[in-house]
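Order of writing sets the chain letters: A, B, C and D. Residues in each chain are counted from 1.
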Amino acid sequence: MAEKIAFLGLGSMGAAMATNLLKAGFPLTVYNRTASKAEPLRQQGATVAATPAEAVREATVVFTMVTDDKALEELTIGPEGFLAALPQGAIHASCSTVAPDTNRRLAEAHQQHGSTLVASPVFGKPDVAQAGNLWVGSSGPTEARQRLEPLQAAFGQGTYSFGDDAGAASVAKLCGNFLLGTVIEGMAEALTLAEKAGLDRVAFYEMLTSTLFNNPIYKSYGKLIAERHYQPVGAPPSIIRKDMNLVVQEAYRQGVPMPFANIIRDQLTATVALNEQDVDWASFAERVAQGAGL
Amino acid sequence: MAEKIAFLGLGSMGAAMATNLLKAGFPLTVYNRTASKAEPLRQQGATVAATPAEAVREATVVFTMVTDDKALEELTIGPEGFLAALPQGAIHASCSTVAPDTNRRLAEAHQQHGSTLVASPVFGKPDVAQAGNLWVGSSGPTEARQRLEPLQAAFGQGTYSFGDDAGAASVAKLCGNFLLGTVIEGMAEALTLAEKAGLDRVAFYEMLTSTLFNNPIYKSYGKLIAERHYQPVGAPPSIIRKDMNLVVQEAYRQGVPMPFANIIRDQLTATVALNEQDVDWASFAERVAQGAGL
Amino acid sequence: MAEKIAFLGLGSMGAAMATNLLKAGFPLTVYNRTASKAEPLRQQGATVAATPAEAVREATVVFTMVTDDKALEELTIGPEGFLAALPQGAIHASCSTVAPDTNRRLAEAHQQHGSTLVASPVFGKPDVAQAGNLWVGSSGPTEARQRLEPLQAAFGQGTYSFGDDAGAASVAKLCGNFLLGTVIEGMAEALTLAEKAGLDRVAFYEMLTSTLFNNPIYKSYGKLIAERHYQPVGAPPSIIRKDMNLVVQEAYRQGVPMPFANIIRDQLTATVALNEQDVDWASFAERVAQGAGL
Amino acid sequence: MAEKIAFLGLGSMGAAMATNLLKAGFPLTVYNRTASKAEPLRQQGATVAATPAEAVREATVVFTMVTDDKALEELTIGPEGFLAALPQGAIHASCSTVAPDTNRRLAEAHQQHGSTLVASPVFGKPDVAQAGNLWVGSSGPTEARQRLEPLQAAFGQGTYSFGDDAGAASVAKLCGNFLLGTVIEGMAEALTLAEKAGLDRVAFYEMLTSTLFNNPIYKSYGKLIAERHYQPVGAPPSIIRKDMNLVVQEAYRQGVPMPFANIIRDQLTATVALNEQDVDWASFAERVAQGAGL
């Protein structure tokens, strides 16, 4: 089947994923609220739509990659949402980091409409998305999941299935972001203690990430923390603070004490309160440095 | 220079390290408080000494690997300690996980005696020690550090220097153990949330450690947590609880807030209170599972 | 003006408050989902209504005291809600512990209807309510607040105004419950440490509450903790766990790091997971005792 | 028996206590490392000694009130310590906030010397000490405790006994300071949330401390926090940070998880790192305010 793709939401992640779909040869219509962000894709051959509904009118698959639950709900089932215009049998690949229940609720709306939602969150920063090396989580009806896999391969190095529940892949994504947060806080505490005890902060980072923690996540986030320079911006503190609140709320719903998650959420709250601009969310590591008087 | 080695402290880590020194061809005298543990080494060609002093009498290098600060101090400068019997010019490779100040204090005693202490903590579990794949941290006078490197190569895959301060490598070791603790608590929270939200605990562990967290530490500790079966025992909760208290105390001395370290220490306290036998320290992950009613 | 009162929600708190309104001479119509709970009030002279709408049809003031935000919203603006039947000019005294935004949202619905909402949360346990000694918080339009004061005096020893914002008194109530939680956790940690260090748990409680913490809150909650017997039940863990989640969510919305609130919420989560029956929420103090092996 | 008193350590607490002993008619010899602080007492009739030994030579009771464990040990059994000069049968009333084991260790030294140590920590700020309204904890041999009571009455409104163990009253004191810390952090979180949600910070403080938390501790510390003005200085952050580390270490020794204690210790660490001068330790409440962007 020759899929026709609509891609809604062209932030740094969405634009990179859409570009890779285009490069892989899929016909692509794009939409973004701020139209100028669609321009680079138009130049590479994508059709630019003026509204979500227009974008999906002939689509067999709709990808969405937006900021938060509210934006996703508006885009899908709001007054200007695309669902009403979506052809029967189409698949909605919901890539945003949202609450599991949001994807579950939208999956029901799709079912009533005659279409299907597959939660399709991605793991990786914008540069990883550009390189086509994201990891993709996937949950929803089997057939729809399988239809998506060739498309996910355009921007990902592998797709992991989490079964039928449209919320399941969102849980996996939230857990993934939470674990990134534990890496950041852990490295922040370790490097701060080492520095105050007289060790060279960067040299110790290099030792750790050459030995026990020889891993791209530790290397990339660790570098920002070791050098205390939080650029380039993979995702800003305010966005991931939202994700960490989703973690904390899912923990409440499921009845799981998560002391580490609470701490990460609060570090991000304090970071947002300080209103530093143009920094990656790993900059919450500065809360540890400042608490130690560095 | 042909080094003659004494190895004091033959727990699971010490025995594996000593065995590798023997296999590498170094003349070896060993001592352990519980003499029976020396027997396997005797059978492989080591000389067994009856006291610490006897063990070091002709040594050029003394390795020590004991449980805690108090044991190390007694072994070195206590009434039955080896220092008085140690030949001038010898090196004490202090491998135990102890407070930085303990190694600093003993380094001073060595200096007065005419010998040298090099902090030489190792990173890795007993099976890694057996395979000769430990990572070794090293700090102390340059010449002594360099003399030790060929010996450390017998049980390690690499030695990292942290300069002249005898306490520095201990700081690095404490930070390393702390980071292992963050992996355990992080995985415990993530896998518990995932399980309660309906995901398969083991499958999710496998996904995480095949993608973002494709790393031996995450794989080995994660497996224990995913399967909720905490054997074999790398180190028991009581030993690492002691280490985490050293972290928390060094954080106090250096003036560093370490919320993650506090949580790990308390999880280990509760684990020791429950007095489970024959479990690895990663079993503190059960505190999260139990708090969630699993 | 002779007020005619409807009271909706006759749990242990609501029943005590309604009874005191009746004793004070106000004409009273009551409603409870489980009708049997209305019987004692009927015997004392109250009229029992079969539906929320029937209860409020001639009311000038409606009190509501229900379990959570969802119950309050259903009762007020749900398909069977009372608002449509409420006479113009009436006041809704909203006594439940709910999110500030819930009262704000309902206040708007009232305004459109031609009635007024005053947030009117109360501070105190059921026995305090029976004794007419609650503290009452109040926020909403001035005139409406003033009209309520003589009624609040039937069950309270004083009313504190928090101004026009219908959400403000809810914030105050959430902060109050949070502070009670800090008393419980604080006493739990202190008494557990004291006991394990050899002091008599109950004697130390008596000393503390005769000296620095000579205060009814410390005495009443402290007694439960000192004796490790969590009855009678003022409020069960599940209800206050919901309140603590409201605190944590309000902290998120307002951008306030609240490490103590996170801990209390998680202690209650673990307490609910253990599913102990018929215990006051102060029983989360047992999490400390158990973590210490008591 | 007519007691002759030596008082060693004339900081703001010690000076107030010594002054009250003098006013009560007891013969008093005082000593302070910085001699100028003894001058006001000399003018009121006290004898000023040049050394600890000289101060105690004819004493039947020695009070000590110094900064920390190390200072107490030096003062008592150090090279210039008073113990060697203390008459047989004398009592050492050890009033400083120290580790339980420190008082236990010194009690043994006294026993060998033929004298007795009674742990005699006091609860209250300098102004409470001046007013003679401290609460006094007391532990040690019964007879010695009883002999001290008339003296403790000079500066206290009541003495509570914790039995024979010289460490017990120190545990009680540490728990007391910990509970004060929970009041500060709790009020800081509550008032910050209230302020950011639109309530008047000071008015809400007044409401809380007129109702549920109508208690001198909440009023005095709460006032500093409500007004965000941390003077006068009862005790500086660095001193109480030391106490909180003693709490955390006693929790380790006794095997008690104390999440609240960890947080308070870390808030004080960050406060000391910021190096604000001339502020009461309650100023750690600013960590919450700053984390919320106030």
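What we mean here is this: contacts are C-beta pairs under 8 Å (C-beta built on N, C-alpha and C of every residue); 3 or more make two chains touch, one makes a residue touch a chain.
Which protein is which chain? UniProt says A, B, C, D = NAD(P)-dependent oxidoreductase.
Just so we're clear, the structure is a prediction, and the values are computed from it rather than from any experiment.
When the CA atoms of subunit B are superposed on subunit C, the rotation angle comes to 180 degrees, reported as a multiple of 5. Remark: subunit B and subunit C have CA centroids separated by 52 Å (rounded to whole angstrom). Rounded to whole angstrom, the centroid-to-centroid distance between subunit A and subunit B, based on C-alpha atoms, equals 38 Å. Residue numbers of subunit A whose C-beta contacts span two or more other chains: 251, 255-259, 263, 266, 269-270, 273, 291-293.
The touch graph of these protein chains is complete, with an edge between every pair of chains.
Touching subunit B in their complex are the following residues of subunit C: 259, 266, 269-270, 273-275, 287, 290-293. Partner subunit B is touched in their complex by these residues of subunit D: 245, 248-249, 251-252, 255-259, 262-263, 265-267, 269-270, 272-273.
Chain contact summary for the complex, subunit A toward subunit B: residues 100, 123, 135, 137, 158, 160, 162-163, 165, 167-168, 171-172, 174-176, 178-180, 182-183, 185-187, 189-194, 196-199, 204, 207-208, 210-215, 217-218, 247, 250-251, 254-261, 263, 288, 291-293.
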